[in-house]
Amino acid sequence: MKEYCGIFGIYDNPNAAYYTYLGLYALQHRGQESAGIAVTDGKRITYYRDFGLVSSVFKSDSLKKLTGHTAIGHNRYSTSGASDSPDNIQPIVVSYKYGQLAIAHNGNLVNALELREKLEEEGSIFRGTTDSEVIVHLIVKSRKKKFLEKLIDALSKLKGAYSLLVMTNKKLIAARDPWGFRPLCMGELNGSPVFASETCAFDLIGARYIRDVEPGEIVVVENGKVSSLRLPGSEKCKKSQCIFEFIYFARPDSRIFGKSVYEVRKEFGRILAREYPVEADLVIPVPDSGVVPALGYSQESGIPFEMGLIRNHYVGRTFIKPEQKMRDIGVKVKLNPIPELLKGKRIVVIDDSIVRGTTSRKIIRMLREAGAKEVHMRISSPPTKWPCYFGIDTPTRDQLIASSYSVEEICKFIEADSLGYLSLEGMLEATCGSREEFCTACFDGKYPVDVPERIVEQSKKK
Amino acid sequence: MKEYCGIFGIYDNPNAAYYTYLGLYALQHRGQESAGIAVTDGKRITYYRDFGLVSSVFKSDSLKKLTGHTAIGHNRYSTSGASDSPDNIQPIVVSYKYGQLAIAHNGNLVNALELREKLEEEGSIFRGTTDSEVIVHLIVKSRKKKFLEKLIDALSKLKGAYSLLVMTNKKLIAARDPWGFRPLCMGELNGSPVFASETCAFDLIGARYIRDVEPGEIVVVENGKVSSLRLPGSEKCKKSQCIFEFIYFARPDSRIFGKSVYEVRKEFGRILAREYPVEADLVIPVPDSGVVPALGYSQESGIPFEMGLIRNHYVGRTFIKPEQKMRDIGVKVKLNPIPELLKGKRIVVIDDSIVRGTTSRKIIRMLREAGAKEVHMRISSPPTKWPCYFGIDTPTRDQLIASSYSVEEICKFIEADSLGYLSLEGMLEATCGSREEFCTACFDGKYPVDVPERIVEQSKKK
Amino acid sequence: MKEYCGIFGIYDNPNAAYYTYLGLYALQHRGQESAGIAVTDGKRITYYRDFGLVSSVFKSDSLKKLTGHTAIGHNRYSTSGASDSPDNIQPIVVSYKYGQLAIAHNGNLVNALELREKLEEEGSIFRGTTDSEVIVHLIVKSRKKKFLEKLIDALSKLKGAYSLLVMTNKKLIAARDPWGFRPLCMGELNGSPVFASETCAFDLIGARYIRDVEPGEIVVVENGKVSSLRLPGSEKCKKSQCIFEFIYFARPDSRIFGKSVYEVRKEFGRILAREYPVEADLVIPVPDSGVVPALGYSQESGIPFEMGLIRNHYVGRTFIKPEQKMRDIGVKVKLNPIPELLKGKRIVVIDDSIVRGTTSRKIIRMLREAGAKEVHMRISSPPTKWPCYFGIDTPTRDQLIASSYSVEEICKFIEADSLGYLSLEGMLEATCGSREEFCTACFDGKYPVDVPERIVEQSKKK
Amino acid sequence: MKEYCGIFGIYDNPNAAYYTYLGLYALQHRGQESAGIAVTDGKRITYYRDFGLVSSVFKSDSLKKLTGHTAIGHNRYSTSGASDSPDNIQPIVVSYKYGQLAIAHNGNLVNALELREKLEEEGSIFRGTTDSEVIVHLIVKSRKKKFLEKLIDALSKLKGAYSLLVMTNKKLIAARDPWGFRPLCMGELNGSPVFASETCAFDLIGARYIRDVEPGEIVVVENGKVSSLRLPGSEKCKKSQCIFEFIYFARPDSRIFGKSVYEVRKEFGRILAREYPVEADLVIPVPDSGVVPALGYSQESGIPFEMGLIRNHYVGRTFIKPEQKMRDIGVKVKLNPIPELLKGKRIVVIDDSIVRGTTSRKIIRMLREAGAKEVHMRISSPPTKWPCYFGIDTPTRDQLIASSYSVEEICKFIEADSLGYLSLEGMLEATCGSREEFCTACFDGKYPVDVPERIVEQSKKK
């Protein structure tokens, strides 16, 4: 039910569908399971969606059929894989009393289940299992008169993370939850308003970044005009932008939450170098997530940076696993060391985080086999101790090694010579922000929104 | 929006999905656009659906994943083709307050639009455009307590044609509209109740035909027990079984409405021979629909029967049309005459009906080119003058040649030497029934259910 | 290695590829495993081939790329199925000393293995396992100067069945083996010479049938001119057209060997009725091969003809077989009886041949279960006792029930009330020919060409 | 006709096909157009090949059918794309006099055309257009007695580049041309000899690298024994290993020609820094080929390294190009700059080579738009002035900017502030080798093998 996603929208542009295709293409890293585009010509919304990468879902033919001037698109990541239902692919397009409605959603609501039950109680019917369908129902069910009022009515009921694009035959609306968990950027292309999860989508299409949609803000584009309003009550919510977007999820060439991901990541590395210095010969990243913090660590420490681990470019879903009787291929499908670099060297290896610890252990063993004399692991975030309920797919507490073990114990488990995690303060310092701006719940357990007990329980069973 | 369809259901059988696959395979002629199966193991409904023939939608793999003991399936025909939305493929599976619900529907409601609007008024949301989704909403929206009451409540609101299979995690329910437009048969396989549009599905799986689900009847299978009830008010509805199922739609080896399609069709031919005798040398059918009535005509008239037109077995959707500059391939892709048979002969050619008249003209021309001296067309049904609103895809009035032209004029148009249509009385006589049992609206315009003006208008625009 | 096939060729026509597509479409019954078209624009031969039906191999796109004015095409049937090598799909296109060469071949050579060994001995390399590749090598290896001489040289070495289309960048050549085993027809479309295995291909494209390519004849089309020559030595070969083409293989609406398949088949039925009359109530065919002889039997005997068995239209390769624990679906996937017709009746059931006897037994059991009182089997050919080595896929002797059992014993095995096979004389009479014109080896073992012992042995092992 | 390729072979291993799959997976960067595996069980060679990436060509099913203990595989890159013939996909498998033969070939022969003509003259037939087919013919045509002698006979006739794996039902043979253009490594996995284009394939399967197959060496594995011999006359050929493999083609984590690609590439960067120093603030690579030399440049110059250009991970063949009316997407689909890094900075940007200069110009413009104050281009190889005829796909001379323009002019064309190419001496120094070891023809035009005039002409017309 976790929803990593990339969303993109464009208003009133003759190449709406194609630009949305490009936008999704640039946001592919946010979701590789399915892709979809809905487009309106002002009278009718048509759409095309399927499982697969953007480039395999959309062919020249299917794209050409999506005629219209306003479009939204969605990339989806899902943990449940191919067994998942096509009814979950977004954008969701429905028709209801006042016409058609398309919605693309990135995030995870903590009260989705509750809302869903209430809606079902009142007669709502669900096709799939996404939170996004709940939002659609809330909008449609609202007793308010105008569409915008309905939307506000619906959003007011939501608790948790949502960056949202809503399209009718006349309007394009972008909304971000009051806490601002997920990013949502606003730009402009030849006068057409555009929206995207990350600015890298703007870069590809040559759009100009204007500003972020603010937490709790609703931006409405209609009749060629852009207006903005605040979700009532949103001012009471603590700004809680997901700091993990900086650590891992976003593309390094994007700006999110007003900052360059690259710069923040490098600063993580610099501070980490100050917090956990070590005598060593080389700094190497676990690519790709470790590359930028490793550059920071190297620059701060003066220890030379090398690409000591090479990542296979073709790693994907479709790899045929070896038979059990064969030796373990393990992490080697993804990463291969350069023994000539490592032989006899003291290595600092940088990754963005440790989840279960098993991959880190494999990497460290691989480095030693390739000749490394010492392996010092440095992590560009604090220990991940708590699951996320706001749209990042983390395992349950008991699977998170850091929630049960001390740093020392983890160091032993992963067989490192030393282990250093970036401190919470260091992390916040790097973002030039403070706890007031960011969610850090996966590190400190301080969830900005109350997580219902049953959600906690449920997530344990996944 | 017209829905030709085949439906199949089986209760409590270890091979539920496979038998449903076979059932749909036997019912393939009722719908070639999409196929789907939903199955329950008592706890969860899973499903698989896609565009294509049964044999291409289901592969060993996908079928094996459909584990459970009770299943329903659906074949769909649609006029809108590949451009159609995947949200329309059946069975529709939803979850709502009391759990999951799957539905497979054959038929066409005349008040679907009205109901849909009312539902939308009350906040319902629609994904696709099928009538079936309306039924799901009505069930779920019902204020009644028990599921069965809800279903009855919903069905009471429907006007038009439906043969319905409804599956929950505990129940399998079969229902047929009070008029009984579409067929629905009930059988038994090793103690498992089975349902199918036509008995040919029973034959393939080796099930025993028991009886038809009656017009207005609801058959409930639960806890291994079969019970039956009547939809309140259904007794007021005039039995109106679609006589066109006999004429064209059903497979000749099926029994529907309690009668053998083959026998009825042959009787059509016999009576036609008495009503429109002609001096001729050969009786030939337009295969496949004309084969059985042609046998009847031949036997009654004593004129020898020959397969003077051969039908290509591989005719399907994917044929590449010739460029415009090339000569017309026309009806030849489908049919090829045997000149050796026809040369110098007086031919009676039998088809089931004439729609626009253009195909008949092409066939007659082809027969003459192949050497026929005289061509006498005989049609095993009365002139089709009125569109159907109950689930058969007929064109609008102005496209039906018989609604604007006399038989004589049609004869001239199709360039036949003579033309004879089976009389309405003859047709009813052949079914051993009477107007009291059958819908004959496409011939006499006496629609058993009032068709709202807007539906009439709308159908003109398709 | 058996090669049922359909071949088609057209010379100098602006729509060469499309007409070849149509031609193959009409010849689809001769081979459903793969399809291919090669086309030349006078300078270069391009081609497209794949596994599958004509309609699925060729899409608008791939067809459009086949530009050129002269084309040949091939449908292939193979017993080895999907596991077969793509290197076997025809037309085979090669380049050699004098340019490019494309070949499409229907038939089976008895000395292919021997020739192949000799060629390999001399350094030839084979990609696939087809006889056709042997022919290509022989042409290319010939020491003769001119292409036509090379071809003659090659053909002179062949023993067995071949109907052949050969295309170079300048020429289209059609050749038929001296015995004339397989059919090959010649026609004309707007001045363009066309060739096809059966005339039904001409009918579809509107071409005019001119005459058959004669046994031992080589028809050369070049520079817009058609010329003909005889393969030297071919006059010594006994004309041996495959009578099984009439019995089973060809389409009933085709003319082959100068005769209408339909007429010959009906005559088989008539004579059968005279040879093996029986008191009965109905004549029914095993469709489709039994239909036309059943009409003949019915007309001659006066016993009414009925379509008492209905054949599923969607029977194909991709059917998912039931698990072993389930009851046998058997012949029911293909055929379904009409009990209303059969009940209490004495039935004559007509099929074209009996191979192993197991299918016939299943059909007869099915007819009895459907109520038939007596079942009299009549076969429109003599007992099949010998395997074919000339391009029809028959099993080995020990699998052919008629080679080990008497008619009486077969009758008992298939559980018929009586069994009658058309006599050899009757069969020949129906073709208005004589043993002098036809191969009848599968009935009498008199192979027109000596079959090497090893071929006999080898075929036992398949 | 150019053949970039990756080849892999393994002898006598229970998981031969799966390891070959893995090997090809690791070598995917050497060819993305098609993939194939041939395997022998000692009696029969079976194979599977198709267009596409290794991971999409091979599914669990198709891999499982490839049973046998010895296997070879091939990845192919081709310039002609999807329009290319399936007859060109490798491994090529043929049968000939002494049985079956499979071959996988990386390289490009300069006398292929000539040999082909001679072979055709003698009666050889070609299916496809690859040089590899020529080799097969030469082997088979050889008059020598033993297979190995035949192979030697064939190889003796070849001029140009080949790294070759040949498999019969009994043997696995690896051979490398006397000049040693393309790499070919030898290793061992649990006693099974393995061969691969690059060592990264060994790393993935956990095999141990033993040594390179030497230029002119033929390694024969048979009856579990490995033996080696030298191609007679090969000693006269100047060792000419393709230096471009180091510059661009090989994976950085591979060893080829006995050296670590990573180390050589970094040394390129170091020397480049000494040869063309510049005052600057940042060194950034054009990823991925520029990454390692940029690290070298940075380390040598002391100018900080940054990933100032981010490469989209999903760049592939299937991208839908924008309509012409839309603005140029250009290089942005592939690369996106980090403006925060670049703003106001003096940048050294490192790439491996310049072909036409247009991409470099786009990159430089993009960097300036992102705020770079100065852009100094440094290339980790000398100017590419001459086309390659040995298996690397370079354009013709007139398209190579460096063959017509001076460095100064190129600098102006690409709009750089300065431009520096690694010197030929510097390049050779980095490989610790000398001109005696490497081919450097694309830089100095000194082709180690005479290139026939017609090949030069022909390559101009591509």
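Which chain is which? They are A, B, C and D, in the order written, and residues in each are numbered from 1.
Note that contacts are C-beta pairs under 8 Å (C-beta built on N, C-alpha and C of every residue); 3 or more make two chains touch, one makes a residue touch a chain.
The UniProt protein names, listed by chain, are A, B, C, D = Amidophosphoribosyltransferase.
Keep in mind that this is a model prediction, so the values were computed, not measured.
K.L.:
With centres defined as the mean of C-alpha atoms, identify the chain lying farthest from chain D.
P.N.:
Farthest by centroid: B.
K.L.:
On a C-alpha centroid basis, what's the spacing between chain A and chain B, in Å?
P.N.:
Using C-alpha averages as centres, the distance is 49 Å.
K.L.:
Where the centres are mean C-alpha positions, what is the separation of chain B from chain C, in Å?
P.N.:
Chain centroid spacing, chain B to chain C, equals 36 Å.
K.L.:
Between chain B and chain D, what is the gap in Å from one C-alpha centre to the other?
P.N.:
Chain B and chain D have C-alpha centres separated by 60 Å.
K.L.:
Where in chain A do residues touch two or more of the other chains?
P.N.:
none
K.L.:
Between which chains is there touch?
P.N.:
All chain pairs meeting the touch criterion are A-B, A-D, B-C, C-D.
K.L.:
For the complex, which residues does chain A have touching chain B?
P.N.:
49, 65, 83, 85-87, 92-97, 117, 120-127, 129, 136-137, 140-141
K.L.:
Taking the touch rule as given, give the residues of chain A at its contact with chain D in the complex, in rising order.
P.N.:
For chain A paired with chain D, touching residues are 15, 18, 21-22, 25-26, 28-29, 53-56, 58-60, 63, 200, 203-206, 251-253, 255, 260, 262-263, 288, 291-292, 295, 299, 304-307, 310, 312-314, 316, 318-320, 322-323, 326-327, 329, 332-333, 336-341.
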